[in-house]
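Labels A, B, C and D are assigned to the chains in the order they are written; within every chain, residues are numbered from 1.
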Amino acid sequence: MTDVGVVLGSLALRGPVLAASGTFGYGTEVPLLERRALGGMVSKGIFLRPRAGTAPPRIVETPSGMLNAIGLQGPGVEALIRDYAPAWAGWEFPVLVNLNGESVEEYGELAARLDGVPGVAGFEVNISCPNVDQGGMYFGNDPVAAARVTAAVRRRTRLPVWVKLTPMVTDIGVIARAVEAEGADALCAVNTFVGMSIDLRTRRPRLANRTGGLSGPAVRPLAVHLANQAAGAVRIPVVGIGGIATAEDALEFLVAGCAAVQVGTATFIDGGAIAAVHDGIAAYLEREGIASLEKLPRCLPRD
Amino acid sequence: MTDVGVVLGSLALRGPVLAASGTFGYGTEVPLLERRALGGMVSKGIFLRPRAGTAPPRIVETPSGMLNAIGLQGPGVEALIRDYAPAWAGWEFPVLVNLNGESVEEYGELAARLDGVPGVAGFEVNISCPNVDQGGMYFGNDPVAAARVTAAVRRRTRLPVWVKLTPMVTDIGVIARAVEAEGADALCAVNTFVGMSIDLRTRRPRLANRTGGLSGPAVRPLAVHLANQAAGAVRIPVVGIGGIATAEDALEFLVAGCAAVQVGTATFIDGGAIAAVHDGIAAYLEREGIASLEKLPRCLPRD
Amino acid sequence: MFQPEAPLVERRQVARDLFVLAFAAPEVAAAALPGQFVNLLLRPGPLLRRPFSVHRATEGRVEILLRAVGAGTAGLLALRPGDCVSLLGPLGAGFRLDAAWGSIALLSGGLGVAPFPLAAQAARAAGLEVTWVHGARTAADLCSEWEGDRVVWATDDGSRGFAGSAVDAVPEVGAILACGPNPMLAAVARRWPEAQVAVETYMGCGTGVCLGCAVPKAAGGYDRACSEGPVYRAGDIDWPALPDHLHYRLTA
Amino acid sequence: MFQPEAPLVERRQVARDLFVLAFAAPEVAAAALPGQFVNLLLRPGPLLRRPFSVHRATEGRVEILLRAVGAGTAGLLALRPGDCVSLLGPLGAGFRLDAAWGSIALLSGGLGVAPFPLAAQAARAAGLEVTWVHGARTAADLCSEWEGDRVVWATDDGSRGFAGSAVDAVPEVGAILACGPNPMLAAVARRWPEAQVAVETYMGCGTGVCLGCAVPKAAGGYDRACSEGPVYRAGDIDWPALPDHLHYRLTA
């Protein structure tokens, strides 16, 4: 059988397909998924304190995509440690916690609190959060703020630190390099794209939050390009995210230079999506006579 | 009948729906379209000199969208003046010429050459072009370069100058204000989004040009958001573009603060798309008891 | 929870524009409880699944009741016998039934009638006397099929049965189960906070992971309609904060 | 050019995996010339139209020949009689025919046979003697229908007719018209630069406005396959620069 294992810094995954943050809960509520295919899982985004989330409607379907504005509803870090981490400790794949803060300090505190908790294998730092200290501008839109968040987390843990990039920037390479320089172990590219949909009956935005994040197949060509740019800009591994529903979709990211991928929206539609992606990647490598995923030829921007 | 006319600076349009640049040729090859519904037309992008364009493949279909990399193939400004402008002079709607340059000077020269040519009613300045003087960075990604291009065109003509914004920026409001300050009469938001698709047989990008511009319904929620941001940032009118196929789609942009819209990819699929959008807008206003398009309530970011 | 490819086996019309579709899905039919729903995927079709209450579940068939309101429902109504959908379910927490109530009313407005045939069967099996109270705009819109011990019709225009809202036509009973447009359910909540209501929300996943289906609670915070709901004690919902989910459409 | 909603009126199989679909579209059928194409839109279905050569055009029917290679073609083959597509056409510039040639060969590989029944009829009507030269991988892949005065079969594996490429089975004739995979047409061009070939390119619009269908010319620059083409003098194309348009697919 073809070897689809991947090594991402200090983390060895049995397969290249992870469940994306916010689309898999805390891993406890997805009865259909064939867990054997999971390379890893990223938890729903967590803050220090519990958050109620935004008012509904929170979801709007768009052509080949969906907008969401959940507002990072969640129980807060203490409840996560108490209610979910113990189960993770027994699972056969690593669980990364998706970290969110309103200030640089909050990110650091979260990492410190979670460092060493059994079941927590690493962190995915979500920098697509509004920076309350800077008037709500996203951390991820500014290389300086993105670097400071990365450094704050890095200082407080020896677990793997992945940083999840926002696509809403002029040059993703600049942010990628800034984050790499502060010691990130991997980059995740990309988070959702900001979008809006208008209700013509009320002539107001359909989402109570006005705007939301676009995910799903619609964004895939954009995400492949951004992941490719990020992979070309840094030496650390890049995890590709955005609109993956099939093995072909995932392979586009892998050939574009990603070491692994995450699947989000597709799992809402098909409880077997992750298994199909995993199995299809293995079948492709086999058919193409490529001995292992590490040997898959990549196509970076400079090629 | 409801009044769907719009006034954009010195240009009065009989309806709010224009044909988008590059999707309508020079207006001479679209036999099915019901011209009665056209508020105006933007020509295929023109350079000073003839350009062969990029190698094929130039088109890739994606979920609810398409990538294109045409490379601004065209006959150059002299042939445009000779072969197309004379016909435009007799048409019952204005034709704007989409201007493209490799340097600030080229934009200015183009405007000067076309100013006063019968049939040319105004300009749409495409700043999503690589700035050869600055290592190929797009003019539209940098507020300073975008402003300089606008100023260069503004100085050489008294015709309306519209500037077409790229979506690939961290803050579209900054570019919008920079361009407004140099005397643009209107903004067009937005151009295509950069994307990529990989061929798994060759493990190379499907487009010969590697990357292309994503258009079609997939991008609509992103474009509505950006048009809304642009409209909130400036006082000049904004023309909404991106994924419009139906009257509902167009109305989302209009409610989001746009004065008019452009339809592109949809005309590839349905030769009656522009007429359907135009008629549907009129029907909506009528049904909602809104006397004219100018009275349609808008929903700007600050609302 | 199951996710079979389920073929359409029957389609029948039960009112103007209102249809019942039956899919063969034995495990789902066997497991479905009243008030639960299924989440259907059409291919080719829109991206997300579409939630529908289980209307009936007998002999290996899952029935749903629907009207074409958008692309998904129109696509479902264009299916022909033998065409398959991916049918995920049963999902959610259904109605609670208690023999001690003696009698119940199943109160529905329009499409809200969907979950009640299954509920009526279960209620009668539990020894409850069932009054079927069903309202619509006009006689032609009333669902022609009903189940229970007696029926009360209501129409806004008085063309059949009680003239006015079905909410005003509910007799004295031990308990009320209601389903219909969210504004109608808000009226139910004002009158009978103890009633059980099945609400509609937009859904991403239907399985509890996306948090898209938020139901605002009177006590603060949000529940998931797909997991803790879609059935709630009426008084537990913060009704003004629950959207009514009526999409405006130019062409419908 | 017309854009009718055209119902499927017939579907027949002509080889392993190869089907002919006939749509009722009287104006298009009346106007179609050999080598022209139609651009079909499926709803629901992929975003863009799909181009297909006019296979036959008689009695108000437009026929196309196809195999399922992706979502669009699979969707077309799933249509049932009465289902409609939006059919835009006829499009492009077709084959030139000249009675002075005396005889012609219609040379096709695989699906490339698509435009030739219409071409054969027109050629015979113009007084030309028509040799139908059709090749495929193996006997089961050969299109069973043919038109003309005589036929030459060719298979890569020799299971029927000439063993080898159809290009090598062409008899002495006054002129050659060819259609098939672009690499096969490149071979035709090397041998007979005067041959007329119908090429495939990705298309955005099919009507000349998007410039997506670029055909690289030997003389430099690009033509539009949908407008100046899809039929070209073989020697006029810069073959190494023309992609072969064989998509890799994991599941096909």
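Here is the rule we go by: a residue touches a chain if its C-beta (ideal position, glycine included) is under 8 Å from a C-beta of that chain, and two chains touch if they have at least 3 such contacts.
Here the structure is a predicted model, which is why all the values come from computation and not from measurement.
Peer 1: State the smallest step count from subunit C to subunit D, taking one step as a move to a touching chain.
Peer 2: The fewest touching-chain steps linking subunit C to subunit D number 1.
Peer 1: Compared with subunit B, which chain's mean CA position is the farthest off?
Peer 2: It is C.
Peer 1: Taking each chain's centre as the mean position of its Cα atoms, how many Å separate subunit A from subunit B?
Peer 2: Each chain's C-alpha centroid was found; their separation is 33 Å.
Peer 1: Measure off the straight-line distance from the CA centroid of subunit A to the CA centroid of subunit D, and report it in whole Å.
Peer 2: Result: the chain centres lie 46 Å from each other.
Peer 1: Please work out the Cα centroid separation of subunit B and subunit D, and write it as a whole number of Å.
Peer 2: Distance between chain centres, rounded to whole Å: 35 Å.
Peer 1: Give me the residues of subunit B that touch two or more other chains.
Peer 2: Expected reply: 60, 64-65, 200, 216-217, 248, 284.
Peer 1: For subunit D, which residues are shared contacts with two or more other chains?
Peer 2: 250
Peer 1: Which residues, counting only subunit D, touch subunit C once they are in their complex?
Peer 2: 44-45, 71, 75, 80
Peer 1: Under the definition above, what is the set of subunit B residues touching subunit D in their complex?
Peer 2: Residues in contact with subunit D: 22-25, 29-32, 44, 52-61, 64-66, 68, 70, 73, 199-202, 208, 216-217, 265, 267-272.
Peer 1: Could you pull out which subunit C residues touch subunit A in their complex?
Peer 2: Residues of subunit C touching subunit A: 1, 3, 41, 46-49, 86, 88, 201-216, 220-222, 227, 241-243, 245-248, 250.
Peer 1: For subunit A, which residues are in contact with subunit B within the complex?
Peer 2: 60, 62-65, 67, 141, 168-171, 193-198, 200, 203-205, 210-211, 214, 216-222, 224-225, 228, 243, 248, 251-252, 255-256, 284, 296-297, 299, 301
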